[in-house]
Structures are given as C-alpha cells and as structure tokens.
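One structure is given here, and the rest of the page talks about it.
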Amino acid sequence: MTTTTGHSTPRTHTGPGGAGPVGYSLPLSPTGASSMLTPPPWHFSGEVVMVEYRVDPDAARRFLPPGLTPGADPGAAAAVFATWQWCSADGAELADPGRCQFGEFLILLSCEFEGRPMARCPYAWVDQAVPMMRGWVQGMPKQFGTIHQSRPVTVGRAGSRLEPGGRFDGALSVHGRRAVEASVTLERSGDRAPALHDVPLAHTLTFPEWVPSADGPRARLVASEVSDVEFSRIWSGSGNLSFLDGGLGDDFASLVPLEVGDGHVFAYGETLHGGRLLTD
Amino acid sequence: MTTTTGHSTPRTHTGPGGAGPVGYSLPLSPTGASSMLTPPPWHFSGEVVMVEYRVDPDAARRFLPPGLTPGADPGAAAAVFATWQWCSADGAELADPGRCQFGEFLILLSCEFEGRPMARCPYAWVDQAVPMMRGWVQGMPKQFGTIHQSRPVTVGRAGSRLEPGGRFDGALSVHGRRAVEASVTLERSGDRAPALHDVPLAHTLTFPEWVPSADGPRARLVASEVSDVEFSRIWSGSGNLSFLDGGLGDDFASLVPLEVGDGHVFAYGETLHGGRLLTD
Amino acid sequence: MTTTTGHSTPRTHTGPGGAGPVGYSLPLSPTGASSMLTPPPWHFSGEVVMVEYRVDPDAARRFLPPGLTPGADPGAAAAVFATWQWCSADGAELADPGRCQFGEFLILLSCEFEGRPMARCPYAWVDQAVPMMRGWVQGMPKQFGTIHQSRPVTVGRAGSRLEPGGRFDGALSVHGRRAVEASVTLERSGDRAPALHDVPLAHTLTFPEWVPSADGPRARLVASEVSDVEFSRIWSGSGNLSFLDGGLGDDFASLVPLEVGDGHVFAYGETLHGGRLLTD
Amino acid sequence: MTTTTGHSTPRTHTGPGGAGPVGYSLPLSPTGASSMLTPPPWHFSGEVVMVEYRVDPDAARRFLPPGLTPGADPGAAAAVFATWQWCSADGAELADPGRCQFGEFLILLSCEFEGRPMARCPYAWVDQAVPMMRGWVQGMPKQFGTIHQSRPVTVGRAGSRLEPGGRFDGALSVHGRRAVEASVTLERSGDRAPALHDVPLAHTLTFPEWVPSADGPRARLVASEVSDVEFSRIWSGSGNLSFLDGGLGDDFASLVPLEVGDGHVFAYGETLHGGRLLTD
C-alpha cells in the first residue's frame, strides 16, 4: 500500500510443453481470453473506514514468518474496511459495475523487514471471487465474507457527511456469523496517512501442493509493488472495534483488541504491479 | 419524489379485536418490536444514475390507471438506477450498514393527474427485502433483482470522477438474466433537476385478497407525501440505455426505448411520510 | 398444513375504476402477466427437519391474538427447517429451478380455535422474495433470512442417510448473524405426522395502512386452506435446538427453548388454495 | 471421477524458513487452524443432472494441452450440473450445512492420455469460495457462478419424481447473465455410468507467477486420485442443452452444442485424495 518502483512485466501462462490452451490464469483456453484473472497492473480506488488498535505483542509475533520482526511498535494493529472499484490496465471492467466492485475487511499488524517498517496482513475477507483469487496470487490470505460499510452522504438525512460528528460503521460476517464490528466518529481532518496504511505489505507466497514434491511446499516472503498511491484528505476521530464470536477460531481470537485507538475515514487509490522477493 | 405537505401520522397495527400481539407490520409480537417494517417517516439519501428516454405513447398509456392521463409529453420516460441509504426517524438503522443500504432500478413514465404533472412507476426492482415490502405498502411495485451502479471516485484510476468525460454505468439482472444496461457520459453540470425525478409519484395501492370479498380487491390511486427534498449539483451528458432479453415478458418489453436522450448523475435526499388519496 | 375443503376461487385484481393495468398482484400491467405473484393454488414439495420443544406458556400466550387460546398443551412448540420446491397450477416455475426453490425456517406454537387444535406461526424466514411476499398475502409473517439444511444422501460419505444414526442439521442467519441452530439424530421411523405439522395454521391478515382510515388498520384471523397433504415416512430421534444472539430482540428471545424434545425428518407435500375467515 | 489407487499423503505447509505461522493453505496462523482449506482426502456426495452432447472436434482439440489427444470419439462432450455435499476426513463440515453444500456446473471433453480414456474439464463454475479455491489446487478451472438444479421429489406436486416422464433442469448464470440451460426428461433407468463421468480427469496444474522466474510459470498435467466411487441407479432420457449469450466469450462459445444426446440423472459419491503427475 505504498509506492515502490521497478515494476515487473506481466507474463502469460501457457499449457504444459508450451503449446495448447493458454492464459494468465485458469481457465486456460485457445486464445487466453477465458482466464479468470487479468494480469497486473490492477488499479484500485477505494473508500476506507479504518480503526487503529493494539493486540498482545506475543500474539502478533506468532503471525510473523521468519524474516519479519515485530519492529519498533510491536502491538500496533489496524482493522480496515474498504469499498473498492478495480480495473485492469485497459479499464474494461469499469463498464460492468457488478464486476469491478468489491468490499474488503482486513487486519494489519506492524512489523519490520531488515529494519524497514512494513505491515503484515494475517487475515482478509472479500465479497467477490476474482479479488479473492487475486489475493492468493499475491500471497494475501483473502477469504470469502460479507462486508458492509457506511457510505458518506452529501444530501438528505440517511447517513453522515464527512464532517465532525459524522459516524461511519463497518461490519464483517463469515458463514452467516457476525465476526467484526467497527465504527469511527469523526472529529478532525488532516493530510497525514495512517501509519499502517502507508507501508508496504509483506505477504507469504505459498499454495497447497497437489503433487507431493521432495522438499514440500515452498513459501517465499514477498512485498507488493505499488505505484500511483493517492490519499484523499484523512478524516479522523475516535474508533470502536469489537470482535464477536464469529466462529473464526482461537488463532483469529488471539488478535482481539486490547485497546482501541483512533479511527480514520478516507479515499485511497493505488496501482498494483507485482511482487518483489524479500527472502527465498 | 417531490415536496408535499400535510404529513400523515404513523399508526400502530394491532391484532384482531384490539388485543394480542401488535406491530406496524408483520410479524406481530407482544411489544411490536418484531415488526419487519418501521413506520414512516423514512429518510433516504441516494446516488442516482438516470437516463431519459422515449417509449411508444400507446404502450405507456396502457400502464396508466383511470385518473392518470398521458399529459403534455406522452412518451417521456426515464430509467433510474440508485444506491440508497435509508433510516427511520431515529436513525437507528444507520449503525448497521448491511441493513440501511440497498440498490434500486425503476422505470418512470410521465403522466398527469387533474392537470398536474406526475410520474408513474410501472416497474421497480430492489436488492433488499425491507425496501421491497415497504414499496408494496406504498403501492410501488418493487420486485427483487440484482442491481449494480458505478461509484464516482475522487482518487486513483479505477473509476470516473464527477467531471466532463466521466462515465457511469448501471445494470439490472433478474433471476440470473441481464435485463437492463444504462450508461451516462458526463458533459456538463447544472442545478436543474431532471423533470421526471422532480414530480410526485402516483401509485396504485392494492394487495392480493386472501379471503374473497364481495367487491373483489380494492385499488386506490395515491400520491407519496415527501419532504426535505435535496438535490446535489446535477451532472448531465449523453445517455445509453438497452433492454436485453431478460425474461421479463412482453408487457415490460412494450416500454423498450425508441429514442434515448440525456443522462444525469446526482445525489438525492428525501423524507417519505405516507400516502395521500387521489381517487378512492 | 392440513387438509381442508371448500377452496376459494382465485381472482384477478384490476386497477382503480376497473380499467387500466391489471394483475393478481403488483406490478399491474396491460395483460396482468407482470404480476410478481401468481394466484393460488400453489403446490409445495419439501424436505423438513423439525425439532419439537417447549416454551414458557406465558410467553407463547402473548403471541396469540384474540380468538386463539393456548389449548390443551400450552407450551408446545416446534422449530421447522424446510427446503421447498413450489409451482403454480400449471407447473410453469418448475422449469426454472432458481425460481421454484426456497428455504424456510419457522416457529410453530400450539393453540386452539373454538376448541380445535391449530398452530400459530409467530416468526418465519425465507430466502426468496416471492415466497416472502406470498407469506404476507396469507398473513404469514415471513421475513428474509439465510437458511441452510442438511440433505440426505444415498451414496458417498459426505452426508447422512435416512437411517438410524443419521444426523440432519439446520441453521438460520439473519442480517449476517447466526440466530438458530438445530439438529436431529435419527433413531426410528414411523408413519405418524408430528402434531404441530399436522394442524391448520391460523394467521393474522393485516397490512400497514398507507392512507390513514377512520378505523385504523384491519386485522383478521384466517386459516389456510390446504389440500393434497402428503407425508413421507417420518424419521424421528433426539433433537437439539439453540437460539443464538442473533439480534432478533427480546420478543423473539421470549420463545427460547426451555426443553427440547424429539426431532423429525420427512418429506411433505401440500397444495395451498386460499384463506378462510375465522374472525372478522 | 474414477477409482485410482496410491493415495498421496496430506502435508502441512509452513512459513518461509520452516518456522512462523503454518497451514495447509492461506491464511497461515500459529496453529494452522485458520487455513481456508483442509487437506485431502475430501469426501463428496452429489446429485447430478448431466447432458451428453457433441462439439466441433477441432474446437475441442484446441482445449487439450500437450500430452492429451482427442482419442477415439473426438467430439464427445458433456454438460454436468451437480448439487454437492462435501467434508474432510473427520466429517466436521457436515454439521454446518451452509459450509458443506455447493452447486457446480462443468463441461467435460473426451480425450486420451497414452491411449487411456480420460476427460478434460475446460470450464467449471461453483457457487462457494472453498470449492472454487480447492479446484485451483487440483488444476480444475473453477470460477464463481450461480447454479440451480431441480431436486427430485417423493411427495407433493411441485417437482418430478425419479420415474419415466420426470423432468430435471439445470441453469448457470455468470455475472448476472444466463449462460447455460439444460434439461433431461427421463425414460428409463439402468446401472451403466455415463462414459464421461466414469473416467479420470486430466487437469493442468498452474498458478500465476507473482515474482517472475527465469523459466516463466510452470504447468503440469495431473490426474486426480479418487477412491470409493459410488453411483446410484442411472436414470436416462432425452437431453436438452442451450448455450445463451452469457458474455463468456468466443473461446467458451466454440464449445457450443452441435448435437445433443442423452441426459442422465443420478447420485454420485467419491473421495478425492490428491494428484498424480502425468507429465512434468
């Protein structure tokens, strides 16, 4: 979620042996046009409702793979709701609003790689299949959930404006159980991006092995390569955050909020180009 | 969709004989708190993508009940996509964004009642159950569909800004079939509300009769009583509108666009209070 | 849900004044073919997972309208999950499986009308819009929910067979919160229909008043007229039933299970013809 | 979809360097319990509605990767709708019917590997995220769609029984557009499994490369290893199959039915253990 340079070039997958059906992803087909995913770059424009909070630093550490360390502020975390539009390089998906929109909820943990501040995303949920699968291509652990988030209004009385006193809510349900609720009540605006939303994400690139290999499955630490980062004005105020008994298990529950800090409401844009290996 | 005065007072339904479970609507319960619907007033704040078009005036006339006449511009029609937030008088629903948001698509036909310009809504679809049922309380023929609509962006490259050249799309699917697609390409902005979105709606209040009555089911012509109408600046430009083979039948297809006019993108707010009888 | 005779004849609604667009229900249209609902009779074939339980008799009594009394077994209740197919008289909907299928969860309370055993349904949820609206036509308080229910299997290892030891589950979520969970573990089969599924349903026919009337909204007690009732063999065993904190409020929570009895798994068919007035 | 032996052993993925969070799949977590996917074996029990048809043999050949040949009957194809329950080795998912059920539609093309009859699945859609992702683990190109399929009934009039004259329908919609419709009208039953549902599936194991490698992305031909295959009695009759303009593109459209053959309705169970490399 921050600017880096040196974009990788998209490549096209081919069938075994270099002939036959092709595609950036499954499904492979004669021309490659059936690929469920388009190759990067992918543009994103989103509305974010985010709450900063603190977790047990030991719990957070257990989510960090070798290579990542807790860093200067080991218990810092954030819960992030976002309503996105996305498109490929040619923007084609924008003409089909049912295809280019999705909701997302994710947790971010502060960490460092070789002394550089980064964020680790231990959990993420989206409400569309293409962004879910694209998450796994990046090493981002996106699952499927139901995500709702307040929309700022400019007219009428059914919603809050982006102004002091405005309240913005987010809610995540998974398998028909409410798992997370958050809200932000605005107090002020500024131009400083929230720390955890302004550092690179360090993901673990791994995928289940269907055919057993001698070494077992591979897992590599990667950073996302992002450009054209753009923030709107940042509205901030007091945050609320609750983890409910959503059936997500003890590992998720170990990241429960111990203390809740500020919340932020803002718009955010970026272009995602590919991954850069941190460790092999 | 326009201001009127003389708001009716909400009333509470009770069980047969004036005792037992109560409620504004089903389900009736001891305190009335289980009612699926809250009584009006209901506040609405929405984002609208609207395309003006022309239908066969004879086809439109066949959708007008006695009391309504085609008026000065008999073939004028509009296709309207809207993304709404709503809440009751106390605003309670706003804290649960999954409950207070819905999408809507509707058709409007120009008409007159006793010489006064009004709009008739022959078809409407929403994607949530509460607004659907609330539609029938008003005589508005809301059915269930899948509705998607572009969201204007302010940062990033995944969407259009509200500025000349910006493009906004809407799409309706019903029972897994694409039925309507529309788009607007912005050219200019102004402060003149689109005519068909600025006149009262005349609905037919009727509901199937479960226990046969001597006279058969009743149908009354009503106008919606609305206050606190608010428009944002109106962005306008060229419109596109297609009816696809969505399995909606010949009656719907009789309202196919013969000519497509301007499109508009704007925000709209209103408060809906109740109905006023036009004819009994 | 039991056989009665003397079917009412379906009628067609018309627009105000007897001309203009027509239909059994909204939307009215030139030929009536746009009506969201078809007129009865409606055929139903379903798979049922049902758990008998006991509620606080005083709580149950507060859900009974004048005319209904608690009867011989005042705290008897049932929680019923069903997976339905339905069709109109001509069976047309069956060719579109996305249209003719729905899931349902409902609560039944034992009661009597003039000494005759009946059942009262204080709450019901379905996952499709047409059955929801059709519920209100009958006075059945159907709301929108997410309903899942085990399917018996005949081959493979992913599910239970209809045989001793087989386990069948049901779950209701409303607005992304899990509200009810039930299961039945089969022990035996027989041909005796569960009592609460074999008596007529007494509903309150009422609908919010949009235009205030002198008397206020009307509410009438009706019984559903059903024919061609058919039960499969009834599989029975021990039941489990939990109400979770699903945000459904205190009135719903007053019907929490105090004791859980037997559960039943069976197939059920009926034809629904209309309503018969019990009290005006 | 047929029996093979020599099951692979499930393995657990670990984070980079062999320490840190673990899991069979993303999300990795301290105990591995957050993994979205459970390791195989996976049990499946399904109800199948299947129509045999013929495609242009040249079109089919363009979907075959090196190593697969068209075989003895080059234009043979099938369109398969299935309603599944699934569970892991311990059956835990069966207690949550919203989690263990999904619908699927897939296309099968006849082919051969080293003279042995197999089937190639160029396209598949499911309506749940876990089976979609699990498809990609196997090299099966599952995308997200809306799938509906008739359920046989045993009582009542809302559906067909498994008997001569019974009709069973399936429908696929993708992104709100109807793409495929099929139906089978039963004439007879037997115990011979349909050929294309009784041969192993040959998939291409490949996944987009996020960090560019020297060789480009790998793609390997694998066969699924399946045991405990079980068929119910096979009901067969005349089939119908239509590809509609579902926006799925020219590659999909090249597999349009040229001739439609028999249809089959049956139950099917299997256990899926892993993959076996056909070519590297």
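Going in written order, the chains are labelled A, B, C and D, and every chain counts its residues from 1.
Here is the rule we use: a residue touches a chain if its C-beta (ideal position, glycine included) is under 8 Å from a C-beta of that chain, and two chains touch if they have at least 3 such contacts.
For clarity, every value in this text was computed on a predicted model and none was experimentally measured.
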| said: Contact counts by the stated rule: is the higher one at B-D or C-D? | reply: C-D
| query | When the contact pairs of B-C are compared by residue number, which of A-C, A-D or A-B has over half in common? | reply | A-D
| said: Counting only Cα atoms for the centres, state how far subunit C is from subunit D in Å. | reply: 35
| note | Whole-Å distance, C-alpha centre of subunit B to that of subunit D, is 42
| Multi-chain contact sites of subunit C, meaning residues that touch two or more partners | 96, 98, 146, 148, 171, 173, 176
| field | Touching residues (chain side subunit C, partner subunit D) in the complex | value | 43-46, 83-87, 91, 94-98, 100-101, 146, 148-151, 153-160, 167, 169-171, 173, 183, 228, 230-232, 267-271
| In the complex of these two chains, what residues of subunit B are touching subunit C? | 8-9, 11, 13-21, 24-31, 33-34, 36-37, 39, 62-67, 96, 98-99, 122-124, 128-130, 132-133, 136-144, 175-176, 204-212, 216-217, 219-222, 248-252, 254, 274-277, 279
| note | Counting only contacts in the complex, subunit D reaches subunit B at residues 146, 148, 171, 173, 176-178, 247
